[in-house]
Structures are given as C-alpha cells and as structure tokens.
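Same chain, two partners: subunit A is paired with subunit B first, then with subunit C.
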Partner chain A sequence: MALAAASGRRAPPRGAVVPLATIALLEVAAFLFLGREDYTFAAPHDIVLALGRALADGSLPAATAQTLSCVLAGLAVGFALGVMAGVALGLTPLLDRLTMVSVELLRPVPPAALIPLMLLIAGFGFQMETTIVAFTTLWPTLVLSRAAIRAVEPGLIEVARALEMGTLRRALAIVVPSALLRLFVAFRLTAGIALTVAVVVEVVANPRGLGYGMIVAAQTLHPETALAYLVWIGLLGWGLNALLSRIEARFLDRFR
Partner chain B sequence: MKPLQTRAAARETAPPTPLISFRRIDLSYGDRRILEDINLDIGEGEFVSVVGPSGCGKTTLLRLIAGLARPTAGDVILDGQPVAAPSRKVAVVFQDYSKALLPWRTAAGNIALALSAMGVPKAEWPDRISALLATVGLAGDGDKLPRQMSGGMQQRLQIARCLAQEPRVLLMDEPFGALDAMTRQSLQDEVLRIASTRSVTVFFVTHELEEAIYLGDRVVGLYANPGRVAQCFDVGLAKPRDQLSTREDPHFLSLRHELFSFIKQA
Partner chain C sequence: MARYETIDRLFWFAASLGFAAALLLIWEGAVHAGLVRPLFFPAPSRIWAALVHGVVDGSMLSDTVVTVSRTLGGWLAASLVGAALGALIGLSRRANAYLGSTLEALRPLPPASLVPIFVAVFGYSEQMVMAIIAFGALWPCLLSTVSGFRAVEPRLYEVARVLGMGRPSVLFRIALPSALPEIFAGMRVGLTVSLILVVVGEMLGSRPGLGLSILLAQRSFQSPDLFAGIAVLGLIGFLTATLLNAVESRLLFWR
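Up next is the complex of A and B:
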C-alpha cells in the first residue's frame, strides 16, 4: 500500500498525457478554425480566462455554494435513509421480501422525472433540488448497504452469539465495522451521483447553482463561460472523489 | 446393543454426575436425519476426542453443546440444565480461524471483544490481555492484525479469546486441521497444558486418529448416515503426554490400530 502510494506520487503522471495533448490540440484547432465571433465553442485559453473571471467576480463561488449545499444536504438525507433502510432489510429477510416489489418499482424512476412533481410540491429552490438529490441517492445506498450487511461473515455472527453479545453490542462491535468499508464506498459512489443529479436539476429547471450558471452563459452566447462552468463541475466531481478515496485509503484499510 | 456396552465402559472414567450429557438426541435437517439417538456423558475435566468420517455430524454435535444448533428431539444437559442458547461458560474454537477473528482488530483487540462481552472492567483489560497472550505463546504480538499473523498464530489467538471467557467447557472443531505438522504438535501440547492447568472440559473434534488418541482421555467414534455413537475408547495413557514417548507407547499403538480398523469399517 505505502509503496504503491509513494511510487504513484513520484512516477510521471501518465494519466495527464491524454488530457494535456487534447487541450493542446484544441488550442491549435481553435487558432486555425475559430472566427473571432463564435458562439458555439471557445479556445482552451479563453475558457481558463473565463474561469478566472467567474471566480474573481464571485459568481462561480456563489453558484458552487448553492449547488454543493443541495448536494450535501440531499446526500446526507438520502444516504442516512438509504443506510437505515438497507440495514433493516439486510437484517430482516421478511421485511426485505415484503418491500422488494416496491423498492424495485421505485428504484428505476429517473431523477429528471421527479422535477415536474417537485416543482408542483415545492416550487423552485433549495428544497426541490435537495429532495430530488436525496431520492436519487437513496436507492443505490439502500441496495449497497443491504449487500454490505448480508456480506457480514456469518462466522463472526456465531462468535457474537457464542459470547452472548446483545444486539447493540453486536451491531457496534461486529456488524458496523464489517460493513464499514462497503458503506463508505457506497457513500463515495452516491456522492458522485448526487453532484450529477443536482447539476441536471439546475440545468433543466432550478434557477440557481452551477447548472443554471452554465445555461445562462450558453443562452447569453458566452460559450467560454459555459465551458468554464463545465470544467469546474468536472474538477469538483474529481476533487470530491479524490478526497473520499484518500480518506478511504488512509483510515479504512484495516476494514478491508 | 453395543452402545449400552460402550456407555457402561465410559462410566468408569466419567464422574457420577456428568458435566455434559446428550440424552436421546435426534437431529434432522428437513427430511435428512443427521444425528440419531445420541447418548453420551462427559465428565467434568474430561478431554473427549471425537472422530468419524467426514459429514457424520461431528460439527453438529459440537454445535449442540454450544447452543448454536437445536436438537429435533432429546436434550443436551450442561451442568444440570438443558442447553437452550449459547452460554459464555462454553467457548468455541471454530474450525476456520480466518472467519472467527475480527480482521480489523489487533490481537489484543480480539481478546478485548471477549473481555467486553464478559463485562470485565476496562482497567483490567491490559493485564488480562497480556497474560492471555503469554499463555498461548503470543506475548509481544498484541499489536498485530490477524492478517499479519500465521495460521498457527491466528489459531492461538482464537484459543486466547476463548480462554478470556474463563469457560468450563472448551469446544474445538478440527482446530489444527489447516496447520503444518510442527505447529500442530506444539499447539497440541499447549492445549493439553491449558486443559490441565485450568481443569477445563474439552470436546475436541478431529479427523486425525493419532491426534485424537494423543490428546484424549477418551475417544468417541461416530458412524455416519445418520450420525451415531459407534464406540468409545478409553485411552488411559499416562499424563502428561509426550510427543515422542507417548506416541511410541505400545498401548498408543494398539489403540491406533483399533481406531484405524474402526474408521475403515465405519
């Protein structure tokens, strides 16, 4: 582990070759083919400048805060409910059988299909977006945490039984630590989903946040700003996943 | 009826009130009869080895004492009470140590699991843990995770956790089956030492006939399909046992002979 991490840091970042080459190619292509007044595309350096402007004038940080607040709130609610439901279903096969059909019917509902409904219920704003994020993250969390509970080694449950451990002690000492890594991976995956869904809701309907900023830029014929938002969203998603992966590697290795 | 005879023979070594007794135990899973009419008494402090063909119900028999399985008919009596649920008085050394240790806890932490279940005050844990680790030859390994330990060390750790329960009965299910010969022999001697110093009653399942004789005060042989007690062999070899002299003892050899021919026809 330590060795791999160390060499990973020191080795030339091979993963950066393709993106850098692409950027260089785009720069050349933009120089050769893009007129001064183009409303569909922008050269990489224009995108970087637009990104700098949006950061400097505070519009991008404000939009980021709006989007991330919905992502985090929705994720918190969706993940918490998903884990509770997943644990309950993982522990009680009867409950699982009773709710199976409902879960399988609700799970594939596309998040975007909820937008009209949530607009009717909550109108524009934080609440409708957060609710959709929560709904979307609930299902994968439920499925993954149910699997995490089922994957707890039956041998360890027997050890707990032989030691006459009560339900709470058993849950804290055995079930939760057994499932911890899988639950964290579930969180990392659903965090990515949450960001995607929040931006989709903003692009389609909700007049706030990064997705809305992108749409406004496109509609006012500022492709460089729209693309700057896109790059920024990509960076956010990448950063979020990188942060969670580091936490996973740093603290959860022994739960593997 | 042969079982009656063997029970009478067993009585000679078992004290008048047995610590464990199987009374007319039947056990079926669905239509399949796994155990049939098991009658067996085990005295306090006795070391009973159990042998029999694979799938004859040795593990099931052990799980009945542990309270991890329930008979279809009959009772398992432990210390005068029918076994209804697992009890900390009975410790189980599971066959697969890799599935019986918490991989995220150190050796010390794994022993702490039992101490916490026993309600031992936290202040006493460090001393108890180092004493237990020393007992099984793991002094100084308390900070290791199971994955950093060899199979033999992991099985020692499982034994230490069982001893933390201060059990009256130690159930061992082919505990050394996955270990190499040298490790196996040293663990055999340690189990014998622990059993005699703590005067714990041991129910030891194995498929190694020599191991069964070397360790046991008595060897119980089972028939398969359905599992029945076929024969009990009183070992009667001098204690403490010794890996060289005990195994060369003419009585050991004749018992070995007897058991081998029993297993062949079982």
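Up next is the complex of A and C:
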C-alpha cells in the first residue's frame, strides 16, 4: 500500500485517491477491529514503524543484500546463457529445429520444483538459490532473444553475407547490435522474474534473505514486521522495474 | 504444397525428438561411466522406472490429479474474476483514472511474497494453497485485461454509437473480441504463475500432491522419484500451455 502512495506522488492526483483512502481505511479498521494481540494483521502506522526499525537495526539491509546478490548473480548467468543460446538458435535454423522438443520440454518446468533438487545437490545457501534463479531466467531469455534475432532486418543479414562475414562476426557486428533494444526489454522482464523466484526459494526453503525474514517474522507473531518486509519487497520490485525502464527509455532515445 | 509442409514438419519433429533422446542417452552413458553422481543425476532409465512404478501403484497418478485440479481450478477462477474486474476497470474512464496508477505500481510485486501473509491468515490448510494460487494468477489476467480494453480502437466505439448498439452488445461484440488476445496473454502468464504457486503451496502447507511428493523424495534421498516428479510437473506445464494455445487459435480464428 505504501508502495502505491509513493508512486502516487508523481501521478495525477486522482491516481493517489484510492491508495491514500485505502491506507486511511485500513488505519481506521485496525483501530476499530484489531485487538491488542493480533498476530495476523497490523495497522499501517505500525508497519511503517516496523519498516523503520528493521532498516535501522540492519536486519532489512542485510536480508536485501542477500536476496539481491542471488538475483543479480543468477540473472547474470541465466541471461548470458539465454542470450547465447537464443542468438545461436536464431541464427541457425537447423539447430533451432533440432532442439525444439528439448527446449519445449525443459522450459515449462516450474522453478519451485527445482528447490528439492538443488537442496539435494547444493544444500542451503547462495549457490542453490542462484542456480534456480539462473535456470528460471534462462528460458524466457532464450525465447525472447531468439525472437529478437529473427526480427532483425533480413536485408542487413544479406549485406553481411555479401561481405562474406563469418557466423561469429555476423552475430557480433550485425545481429546483436540491431537486436539490442529487444534484448534490453527481455532483460527488464527477466529481472522481475528473477526477484520473484529468489523470494519464492527463500520463503519455501532457503534460510536467508527477504523471503526468509518475512516468514520468520510471521511465524514469530510479528505481523507488522512481516508486512513491512512485504512492502519493502514491493518497493524493491517497483524500483528495479522503474530503474530498468528509465535506462531503456534513454537507450531508445539514443538509437532512434 | 500443404502435404509437403506437413511431412516437413513431421520430419523435423521426429529429428528433434531424436536429438532429445540422444541427450538422454549421453546422460545415461555418463552415469554408467561414473562421470556424474547418480545421487544427484540418476540415470534416465532409473527415473523412467520410478515413473512407471509410481503410475502402477497409483501414487503418481493421484498426486498428478490433485495437483492438476488445484492448478486449473485456481487459475480458471482467477482468470474469470481477473477478466471481469479488468473489463470493469478498462471500460470505465473514471475507474481508469482512479485505479490505473495503483495497478501499475502493484504490477512488479512478486506474488510469492504474499505467501507468508496467506499462511498467517489461513494456516497450513487447503484454503491457503488455493488462495495463493488464485491470488497469484489473478493479477496478470487483471492487468492485461485492463490494458486490452484500454487499447480498443476508439473508432470502433464511434461506429457502435452510430449503429445505436446497446451497452451489452458493445461489450460482447466490440470490446471483448479486440481485447481477447491480451486477455489470453495474461492468462498464459497466470498459468505459469499458478503452476509455480501450487508447488510452493503444497510444499509449505504439506498438502498431498506432486509438490509435496518431490519434497519428500528429496528428504529420503530418492532422487529417481524426485526427477520423475519434476518431469511430470514439466509435462503438465507443457500440456496446459499447448492446450491454451489451441483454444486461443480456435477462438481468435480471425487473426
């Protein structure tokens, strides 16, 4: 909710009415109906106070660093592998046709199903979470970058062929630069997926990061802290998306 | 020409099936040669044996039925509610002005971060699992329905006004058909999300199903069972997505 209010400041005033009214309503409802000892919900002002406390005592920044390190490392590996595979499949139709069944069968495996497998192989910690994030981001990156390569102006590829460029040079000099913007959009989309999956892994199994901090707060009967974590995760997702959108817009300006 | 294309497609499908089989054979060989640890990556033949065993003794079948019905039930309910709410918001200029920025701000919120809240509200129960799935699958459908209705060509509305069409026929004959592709896109994302969340919910809530059975397989180091469960989950994802695509191309035949 606080998240919506934060974005409402720049939006036209009518957009801010609903979030502000919701917060006010929740505050009133909490005052009227919430007992002193409620272990499920908390009043908005308590959530804000809990957010301030968790930020001040260092627990929230530490958990954020743990989650973000897995998100960034997993995204780096998954995106790099996905782009390489996507470019390879986009440029060589033969390879694309041969790997069709394998890709289509591996792609829909839900990332949550990999949690037990990675627990078995790597145990708790950075490695298992990063691997799952990488696996999850690999497939959408592959599909999106393959589509980006296919959308490259065929005339350009003919030029490259007329210039007798090798496959590698053709990929690096012609195809990747002209698909760059689409690749960036793919990056922004998969970054959101990476954050989601990292939080899933922490909520289900991995005893570190924001998801774990949230579930511990809920289970030790501190709903205001759990909800503060929720607001923080929302802010993080929103901030990540806003940052990448801004970079994307600047990028678009330069290339047009 | 058409027949030639069909044969061509069948040929490449068979070839890529052969490629996948070759990968499995390499994996099998690597296990027997001692290159990978069978505890982590058991031989495909043992995974297949575990799968057959699970189907014969019925446990895999009942787990699959439970997990599939949870996924589809939660997803369909969420899609219906999401599309209806999205239509209400997308069709009304006023609702758009008041809710648009809020919805956009909520879009990047990871649905899984709400799991602990649902656990606190519902406890470790069936309702918790269903609530997680339904809520997670609701958002993608709602958001893309709103943008689908917002993107309807305004001239179509003008045509409808000239023709004197009533509100219901404007909705069903003009707005809905042109928003349908976006609604389907949202439903497709929702399906992926609900398959993730059903596994999460079953693991956290200890509800019988494929999610719980792969977690138990891991705890007892039965890696063939674990891989068999993952394979079935992947297959469910593949089949449901294929089915949705087929329904979409049937419904959107004019595209």
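Miscellaneous remarks
Criterion: the second predicted complex is superposed on the first by the 222 of 256 C-alpha atoms of A that agree within 3 Å, B and C clash if a C-alpha of one lies under 4 Å from a C-alpha of the other, contacts with A are read in each partner's own complex, and residues count from 1 in each chain.
Here is the rule we use: contacts are C-beta pairs under 8 Å (C-beta built on N, C-alpha and C of every residue); 3 or more make two chains touch, one makes a residue touch a chain.
Values in this document were obtained by computation on a predicted structure and should not be read as measured data.
Of the two partner chains placed by superposition, only subunit C is touched by A:T196; subunit B is not.
In the superposed three-chain model, the partner touching more residues of subunit A is C, compared with the other of subunit B and subunit C. Residue contacts after overlaying the shared chain place A:L32 against neither subunit B nor subunit C. Judged by the touch definition given at the top, the superposed model places A:L240 against subunit C, while subunit B stays out of reach. When both complexes are overlaid on chain A, the residue A:L168 reaches neither subunit B nor subunit C. Touch criterion met: A:L156 reaches subunit B, while subunit C stays clear of it. In the superposition on the C-alpha atoms of chain A, no part of subunit A is touched by subunit B in one complex and by subunit C in the other.
Those residues of subunit A that touch subunit B in the complex are listed here as 153-156, 158-159, 161-165, 169, 173-174, 177, 180, 254-256.
Subunit B contributes residues 66, 68, 85-88, 90-92, 94, 96, 99-100, 102-104, 113-114, 116-118, 145, 165 to its touches with subunit A in the complex. Per the touch definition, subunit A reaches subunit C in the complex via residues 3-4, 6-8, 11-12, 14-19, 39-40, 97-102, 104-117, 119-121, 192, 195-197, 199-200, 203-205, 210-211, 214-215, 217-218, 223, 226-227, 229-230, 233-234, 237-238, 240-241. Taken together, the subunit C residues at the contact with subunit A in this complex read 12-13, 15-17, 19-20, 23, 39-40, 97-102, 104-117, 119-121, 192, 195-197, 199-200, 203-204, 210-211, 214-215, 217-218, 221, 223, 226-227, 229-230, 233-238, 241.
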